[in-house]
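Which chain is which? They are A, B, C and D, in the order written, and residues in each are numbered from 1.
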Amino acid sequence: MMRSELGYSTRENIYVQGRDLCGEILGHIDLGAMAFLQLTGRMPNPNEARLFNALAITLVEHGITPSAIAARMTYVGAPEALQSAVAAGLCGLGTVFAGTSEGAARLLRQALADPADTRSFEERAEEIVARSVREGWSIPGVGHPIHRPVDPRTVRLFAIAEETGFKGRYVAMMQALHRAFEKHKGRPITLNATGAMGALCCELGLPVEACRGIAVMARAIGLVGHILEEIRSPMSIELWQKVEHDVSVPPAERGKAG
Amino acid sequence: MMRSELGYSTRENIYVQGRDLCGEILGHIDLGAMAFLQLTGRMPNPNEARLFNALAITLVEHGITPSAIAARMTYVGAPEALQSAVAAGLCGLGTVFAGTSEGAARLLRQALADPADTRSFEERAEEIVARSVREGWSIPGVGHPIHRPVDPRTVRLFAIAEETGFKGRYVAMMQALHRAFEKHKGRPITLNATGAMGALCCELGLPVEACRGIAVMARAIGLVGHILEEIRSPMSIELWQKVEHDVSVPPAERGKAG
Amino acid sequence: MMRSELGYSTRENIYVQGRDLCGEILGHIDLGAMAFLQLTGRMPNPNEARLFNALAITLVEHGITPSAIAARMTYVGAPEALQSAVAAGLCGLGTVFAGTSEGAARLLRQALADPADTRSFEERAEEIVARSVREGWSIPGVGHPIHRPVDPRTVRLFAIAEETGFKGRYVAMMQALHRAFEKHKGRPITLNATGAMGALCCELGLPVEACRGIAVMARAIGLVGHILEEIRSPMSIELWQKVEHDVSVPPAERGKAG
Amino acid sequence: MMRSELGYSTRENIYVQGRDLCGEILGHIDLGAMAFLQLTGRMPNPNEARLFNALAITLVEHGITPSAIAARMTYVGAPEALQSAVAAGLCGLGTVFAGTSEGAARLLRQALADPADTRSFEERAEEIVARSVREGWSIPGVGHPIHRPVDPRTVRLFAIAEETGFKGRYVAMMQALHRAFEKHKGRPITLNATGAMGALCCELGLPVEACRGIAVMARAIGLVGHILEEIRSPMSIELWQKVEHDVSVPPAERGKAG
């Protein structure tokens, strides 16, 4: 049967997630708590709200990423449709940039799924690393091209998790995985922000799909900022013309090595 | 010259809007304040943050809207790309549903643009209503199909504006416009939430494009919630099949009146 | 009443636009004729099909445009969702790049709407140019940054229109408008491909919205080609890193002139 | 090194895929041949063009699909941005609806990859079916909810392939796979259009990603048709209101079984 329980309106009232929007929500909670409510259907307590806000804030802005370039390039052609520029930027938040924390969350849930599993976290971690090598996939949440050997966001997020009482077994499992991976590689490797976030989404009891959802909502905020900067201080036309000039191969040169 | 000032990374640090993400932002502010920072480049004070959070929260969830249906229908075909389902839903936040508060903000800015204008707000409002009739366009921010004669969100948002010291001249101008429009129509008309939001964006000193930007970011949060509900409690396949069955006209009936 | 007449399936047959897909369409017509059928609900004759094919083909490929950059940047992050990369690229086909032929078509329809209007095309054109100057808008379909003073596509499209019997009064009106605009400017101005296409969409009896629709479908083909080139010969990661490096302003430099 | 060879412009000429757009392409080929050129970089011969046109045409229109609903729902909110409505519709062409022919193409290429493999097609097909059962995945290209036991498009596409000389070993392998699957199931199963298309993309030498690319371009044409029908004969507002009314659960009913 088709049902949706998220919103409901009467002549006098608007209900969101079963609560009176004007009486219980507006002016009473912040946007991060509202997002938690919208994703889970229940109001977060202050510790949950604090951690969730931090998770989302971490992903708002990352400088000139491919998704920011896509959004700005779209705005150039359709300045009447800011929403589509943001949409274009969001379309690129796929497996490469936004799939890692979801992958980490999935892996951590599997690792801790069986209550009858008596192995230590270290043993489980070593088994997972061995399996990843055997099957040819990468451990999500480890490694970073710039932040080496430490991702400052991981440190800060785990500190907030500790303050709010959410530094639990998923964080411990992620740290065990990190150590097992470093041991396998024989050198320091970064435990990156996506690994931390995957673990913390699990700690908050969110479904694994929420990991990517948080990235998407956070980046929507970030991309609106990019469009407003593009309006104040345009770069896209110049960038386009420069790129077109630099890469276009004249017909006579086609097929020759680059 | 091409420049972007939104984000910057070094090996040890990440800067967002010129501030140390881990030291100054994470754990210190909420997601609404972060969005204000990302859109304006400066940290909001507590009153600005409170009002901005309320504006964004107002737009997160509106039940089964066309954009929610679009997002869910997209998810059905591409469940591996949650980000694209949200993007598809955002594409519909155009002039019809998200353009009104921007229109209201633009109109209010024009009405109060000339510091040498000595007319009262009532006189300006009556001139605007008269002009709208003469030129055939609608006053944005007035009227509502369900919330009549009062939109509870307008009441609540103006109350928060008063508490935070932002019930200023743009709100007064919007209210004058509302009264002039009611006078013109000769009956009570709702001052709706988009009118209130347009006025409050002006009070916060945001550029008019930020009105639609806030709608887009808020709805991104809302749409993630819709996708998570679709995962928990699917309706889209059933809805699609029902619609297809109901509307498809057999070849023999083509071109006959509906 | 809700009705759709575009497609219908039974166990044995599929009908598109009231025709048997397998018996009447597949193998009998080309993709341009199919698009004409899908947009208008009727099968084109050979002349209509030839002209429509040419219109769509004109817009397939334009090198490294903003929409191509947006599509490639999206593919980098979500290579599992080629459809979303194309979608991101299409989002930028708004008023700036794809609105001009629609604008031209609209203007030409208005110019020729009144059967009782006894003025010559020259008189109408001069009145339109004078009005555009007075009201501060641009004549669509004239001017080009590169193809000066002649856009070779315009010459070729008008030649095909002549061969197929579609060089009629909308083309004549567009040419009159072009001459009137050159006279107003006192120098040669290009009659560009979008002006030609707007006129030819009118000649084919298509609704004005079809102008942008043809651009969208043609560019979808073009963008698939860009993604396949990106797969064969990637440039987007390198481009992203170069742009990020070039434009990112360190925190200490924020707010200083660019 | 960053290079793009698809398009190039000079003052007098436009080159697409190394060819003079106005002299060699416009008026000389149809849109399907143009798409083949854009995807492969070479001009198709008449047989290739005929088969490719048929493949693309097959996917243009399928009635009121989820992607058509998404496009129409988007248009309702942003009628000024037809391109975004089409984009929203395309975002749903993911693994569920458009991934099957790509999956079939990938499987067929693997099955025929090893020139030293001396097994018959039947032996290979039985091994693949056995493997799919063992590993828990589905054979792509078989089964259909409506067209049973025969998909008329498969019959027609294979007939065109035969006429054009492209009914080769990939088609034979797909047919062997179909027979092996029927044998495994012990009842007639449809060899559907996506299976036929996957095989024929291989016959044409297209990369596997082109399968989804053809679906995307074809559906872009289809969706423009849906938007034009929505303009002529709107259904989306009514549909939205009906759905909202039918599915919205009042706050008091939240959480009770559906």
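Here, a residue touches a chain if its C-beta (ideal position, glycine included) is under 8 Å from a C-beta of that chain, and two chains touch if they have at least 3 such contacts.
Please read all numbers here as calculations on a predicted model, not as lab measurements.
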Chain pair with the higher count of C-beta pairs in contact (A-B, A-C): A-B
Subunit A-subunit C separation of Cα centroids, rounded to whole Å: 37
Whole-Å separation of chain centres (CA-atom averages), subunit B against subunit C: 31
Chain centre separation (subunit A, subunit B; CA means) in Å: 24
Per-residue overlap in subunit B, given as positions that touch at least 2 other chains: 2-5, 7-8, 63-64, 78, 80-81, 83-84, 87-88, 91-94, 98, 233, 235, 239, 243, 247-248, 258
Touch-based graph of the chains, sorted into line, ring, star, complete or other: complete
Subunit C to subunit D touching residues, read off their complex: 2-14, 16-17, 21-22, 25-27, 29-35, 38-39, 49-50, 53-54, 56-58, 60-64, 68, 81-84, 86-88, 90-94, 98, 146-148, 150, 152-153, 155-157, 159-160, 163, 207, 209-210, 212-218, 220-222, 224-229, 231, 233, 235, 238-239
Partner subunit D, residues of subunit A touching it in the complex: 1-5, 7-8, 15, 18-19, 78, 80-81, 83-84, 87-88, 91, 243, 246-251, 254-255, 258
Touch list for subunit A against partner subunit C, complex: 63-67, 69-71, 73-81, 84-85, 87-89, 91-98, 233, 235-236, 239-240, 243-244, 247-248, 258
